[in-house]
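Pasting a structure below so you can have a look.
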């Protein structure tokens, strides 16, 4: 089972990152959790893929598995055409500089005992870049994220606010000149007033360096803002993936729909959303058979319990894993006004 | 000698007394298998359960009858005749007759028994010439053999019980003594009940006797002081006696000769060299040593106790002479062999202090280097006594009479001659003393032994020996025998 | 009973700390009528939790508290400590942010729900149990009779929060305070809980204070909104007014900084420079001044008072925005 | 709230640090002090304190200077306690961090070894080691050090696990750091403060353990004057010269108390809310 | 997906199997190490049996007779074989069966350890709760200072002082010795009390400080604050809401202390002349009484294992979170 359809146009260049059938399990007291279950997606150069879903659905695990931190239990991760899962630890270390990550909690991602300058220099030092070169790069990276190297270089993480720490973390990744930056909830721990600074910064950096971003967040607003394409996860599976405007404008999966409806909008005059979802995400230890969403799904039918739906296209660059996609049911279509204007977007 | 303490004789029925000892009878109570006959160890238990055939006075070594009636030698001291009393039986009903004694002794002599007492009976033969008469033939003359019997061969067990199961017998001994074993909780206590069939009418006076084990000597005295026990054997440290008397307790005591001695390994360097032994001995102030390591004690001036007939009257032990000691040490150092040795000592307070005292005082001299090694009993037995891998150590040798302990200590092949000391003249003098029944000749011989020992210095007595038992003033009838254990048939409790 | 349910006047809560005195609440005045929902928004650390804790008499032990609090006409600040605790326990219900840590992990939920009624109303064990089951039913926990015996960890996050709500309701409070009651929950569950809270408040005629840092949470559900910044209320008014015509520069900027679902991708967000202030500092003037695009000289020396406007819309700003942010 | 212990440390902390500092100086500089050798006789036995100068603390049962023995004893007691603690802390720290880092089989093996040490009768180890090798400071340091590895390992493992969950270790791996760097640069440094502050508390315990061993007669052999040995020897003269027990007891008490005070203070600073790890 | 459902029971079984394997490995390692250590100790038990007058030949003969001269692995395996059939051998010294020897002394040590832990808990729980409830208050200051002081008193000093004060001077308690339960509970307790107190002196501060710290931490928990805002009385909160979660580490620690006391109350046993396991060890080790030593090692190791299992079990009883659903 492949997650991506054959691309309509022959491409001269493979995508930067192609993930297929990714599986990651954890052994926990009481059993085994399949935190990521046959997940697949592609990410082109200079593109941003948003990964959204509720807590515990496997977003972070997916992000980490891509980086082989730790390696997935099954599946393939091709980065620049190279199969990462087949690499030895040593070879993987060679590739790492090109694959960087920014973490949710910037404080815990920065060793509290180190100075900012050393923290940022750590990557190049490990990569064995010449010493002379490193200092300059570090200063440049710090400057790029809006910090004054002379001022902050000798201080330690605890002297900074969360937003500043996140900038340091971004500088730390940038200094290695990566091709892919995985951002795992980079703004979730930040105040609203600071979050905008970091989001804008990431966008600028991406544009300047031609980076690709795998942007993980549970905040649909943020994902919409930063992403070109978006994947919605539920209980370890991708239930819907596609162009941002298609997914947000015309969600094809009932879960996506409900998720969008549940987002509180800071507008007292916003139209009343659709009916709320019942219940909560089931325990990943004992996921429902068939479609994992069926226990909460308003459209569930017997077939949903028997057969797990595969991703299937419902439009240009829009796929859904549902037996009864909303896009095909005229009722839902009317309740979800689609913005045809952007539907021709496709992967950029 | 010893005098019975206390005023009123005990009333008898219902009276119970507790005696505190220092070590448990770990290996059971088979008289053939015991070598630890110290009062704080097994001697007291054996005396209570088996009684004594004969007993020797702790101070003078004079042999007195117990369950046995008499023990006499022929003129040349080779053939001894033991007479037993009429109608004495073990508590299992077996008669204690000549055959029973013969059985016990032959069992000890039998190599299969592996008795540590076997050397005492080497080449000795026994003949029961009547139910109450045992004739003992020695290999060579020994006019002091009655003392050997009274000290080490005085406990006789029931042949019936031994034959049945020797191992079980050690755990549940059957004797003819004043008490029988009733209850034994190891490492805690041993309860004994009056033997109603004891040979002497009206004895023992106590109904119940309990032995308790307390390892710490101070705690043993505390037990008596607090009324938990009536008597305690605190051990060899005389300081405890002073302390007990200071806190209102009484002490039954018997001064003896000998006592704790430093022993030099004369078979190995460095103490195979007389100068080395002399240097150490001359460097020591024995008066101070005794005072320091055991406050309240006095240094011995002879191998024999002050009340012994063999005591020379004036002191014969060498006086301190530090200058001469230093000369000898320098001499040794000049010869390329500066004196350097390790003191191997048991861990108990007295010996530990002795070793520390020696180390402290000797280290003030030049060309002398002393180290200490404290050993637990098993290591001591193995390393020092069996393997003789030591330079300077110590042991306690009570000398009520030169026989048998001095012979064992100093004779070339003597059982406790761990020093490896060999001096034909000493051997001859010891044999002389043993073979003679004449008091004058014996005195002469043992004076000679002492002269030679003072010249050769294989051992150095460091403190006068006083055997003692601490007791409350309610307890009466404490008579010490052997190395200082009690005679239990006469022990009584006042008041109760 | 007449009069507003809750009146707070010039409430201050200053907490001594190693860095200096933290002015966590610095002169807050509020009123809340019965049956009304008050939304209290502000970013992390602005003093929301301290404010509501102080309201119920649970300010940090070393804090110095001043000002007046009246609940149903009874002055809390005049009551002796124990009486006040009992009064609050009976008349005010609290729901906290983290439903896991707000429940004792080793006590069955039934007892946790029932213990307060047992104590305050002297109910028997069985009666308290029945009441607890009843409450669980009301907050939408299925199979309440059986689940009374269960421990908190046996419930999912949403159910746990329902249980803490049941606990808060156990003594039939007149005032319910929900401090970030949905922050730890997923959006789909958050919606359920918010519906439950507002529904309950409406049905029972309780006053409800909803505390959140998420403007969206407040926007759809509160009758009135108060915006906090650095220990003070900087803007207050009917929710529509506050969101529709934000006057304070902070409210205004905040609304602009939120990525919107309906905005096209890669819209540049309006940025508020700098970071929220450290409340231990004692700089004079408007706390927002360093980050404010419209600050004037006065802003840096003088602290603007909360000025009323028509329709109960008040703000504390010398250079208010003209409104209509979005 | 968390800084309550810090503030309350006040005078007690200063006194404790002062006492330890003084003791450390004395122990280090004991050779330079005009003291008689600890095994040299300086007068009659059991001289009372203040009876003569410079023997202000009198003499012991053998007639040796109590003052000199006390200070030399400080050196030995401190050497044993600090040496054994260091050994245990280093070994335990390494094992704990390794177990946390490696997980899997290595963690199981380390777990078995640690549990085995815990389940081993301590007396047997001490006595047997003293019999196999010569008893002495080195042997005692080695055996006590070994015995106290598990609590340190447990603490270090917990600290390392807490840090493994802090994302900076994974972050370093994402930067391409190898095992060595992850272990020694990222993980270890963070584990040092809790282990070190716990070590101070353990040093106090070690002093008492050394004392108990000497009391049982299986500690430092004579004539070396460890405090425990002094107490054990002095108890034979308890009635006559109680100072022989009281003086080393007081020294031991003060030192243990000081170590505890300082250690608890450090622990409160390093890890507020830490209970007793054992 | 049924993978998870299928995996669950298999994994649970795997976990308990792993735990069992772990404990078995611990037991093996401990006994092996003990055997090896004793083997490395110079000399043989024969010396201890035959005494100072033994000759080397006698020793060798005895070694051969008892099999002490066999190679180490053979003896160890032999011993393990015996262990599996429940035969721990006989003491070389006394000739008594090891199992009986140990079982005879176990109750003494067990009772003292239990009493000591009981006394410690009795003191530590109320003091810990109340001093933790008012950190820095007068009670807290006194209690923490007292705990530090108690902690700094070596057990042998505590024992001597207790004997002097409560036995010698006042005569309330016996200075030493033991009365079994068969002598009556009152008599038994009279003898057991002082040793237990001497042990408790050292252990109480540990438990007290642990509990105090946990109480302080628990008091910061949200659920305590919740309970406070609901107007529940202070004492109710302290003993219903604070003590129970704080008691978990306390119970663990109490179990650990208990295990430790079982293994090593040697000092107190020798000071009070108690016929317990400590004394047995102290006398068997120098005598190289290998069967007894090995028996003790097994007992201590098993105790450790059992205590650990009990702690696990205690957790499941006390902490509903660890209970299987």
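Per-chain residue numbering starts at 1, and chain names A, B, C, D and E are given in the order in which the chains are listed.
FYI, a contact is a pair of C-beta atoms (placed from the backbone, for glycine too) under 8 Å apart; a residue touches a chain by one contact, two chains touch by 3 or more.
Note that the coordinates shown come from a computational prediction; the quantities given were computed from them, not determined experimentally.
**Q** Starting at chain B, how many touch steps does it take at minimum to reach chain C?
**A** Graph distance in the chain contact network comes out at 2.
**Q** Touching chain C and chain D alike: which chains?
**A** The shared contacts of chain C and chain D, listed by label, come to A, E.
**Q** When every step has to jump to a touching chain, what is the lowest number of steps that links chain C to chain E?
**A** Steps on the shortest route: 1.
**Q** Calculate how many whole Å lie between the centre of chain A and the centre of chain E, each centre taken as the average of the chain's C-alpha atoms.
**A** Result: the chain centres lie 53 Å from each other.
**Q** Suppose each chain is reduced to the average of its Cα coordinates; what separation in Å results between chain B and chain D?
**A** 44
**Q** Indicate the whole-number Å distance between the mean C-alpha point of chain A and the mean C-alpha point of chain B.
**A** Centre separation, chain A to chain B: 91 Å.
**Q** Find every residue in chain D that makes contact with two or more other chains and list them.
**A** Each of 1, 131, 235, 238 in chain D touches at least two other chains.
**Q** Among the residues of chain B, which ones contact at least 2 other chains?
**A** Counting only residues that touch two or more other chains, chain B contributes 379.
**Q** Please set out, as single numbers or ranges, the residues of chain E touching at least two other chains.
**A** In chain E, the residues touching two or more other chains are 42, 270, 286.
**Q** So in the complex, which bits of chain E are touching chain D?
**A** Residues 18, 22-23, 25-27, 29-30, 33-34, 37-38, 40-42, 135-136, 141, 148-149, 151-157, 160, 206, 209-210, 213-214, 216-217, 220, 249, 253, 256, 263-264, 266-267, 270, 278, 281-282, 285-286, 293, 296-297, 300-301, 304-305, 308 of chain E touch chain D in their complex.
**Q** Which residues of chain A touch chain C in the complex?
**A** Touch residues, chain A against chain C: 54-55, 161, 163-164, 191-197, 199-200, 203, 218-222, 224-228, 244-245, 248, 258-270, 273, 276-277, 280-281, 342.
**Q** What part of chain B is in contact with chain D in the complex they form?
**A** Going by the criterion above, the answer is residues 218, 237, 239, 243, 246-247, 291-293, 295, 347, 349, 352-353, 355-357, 359-361, 363-364, 372-374, 379.
**Q** Across the complex, what residues on chain C touch chain A?
**A** Contact set of chain C toward chain A: 43-44, 156-159, 186-192, 194-195, 213-220, 239-240, 243-244, 253-255, 257-261, 263-273, 275-276, 291, 326.
**Q** Give the list of chain D residues in touch with chain A in this complex.
**A** 166-168, 170-178, 181, 186, 189-190
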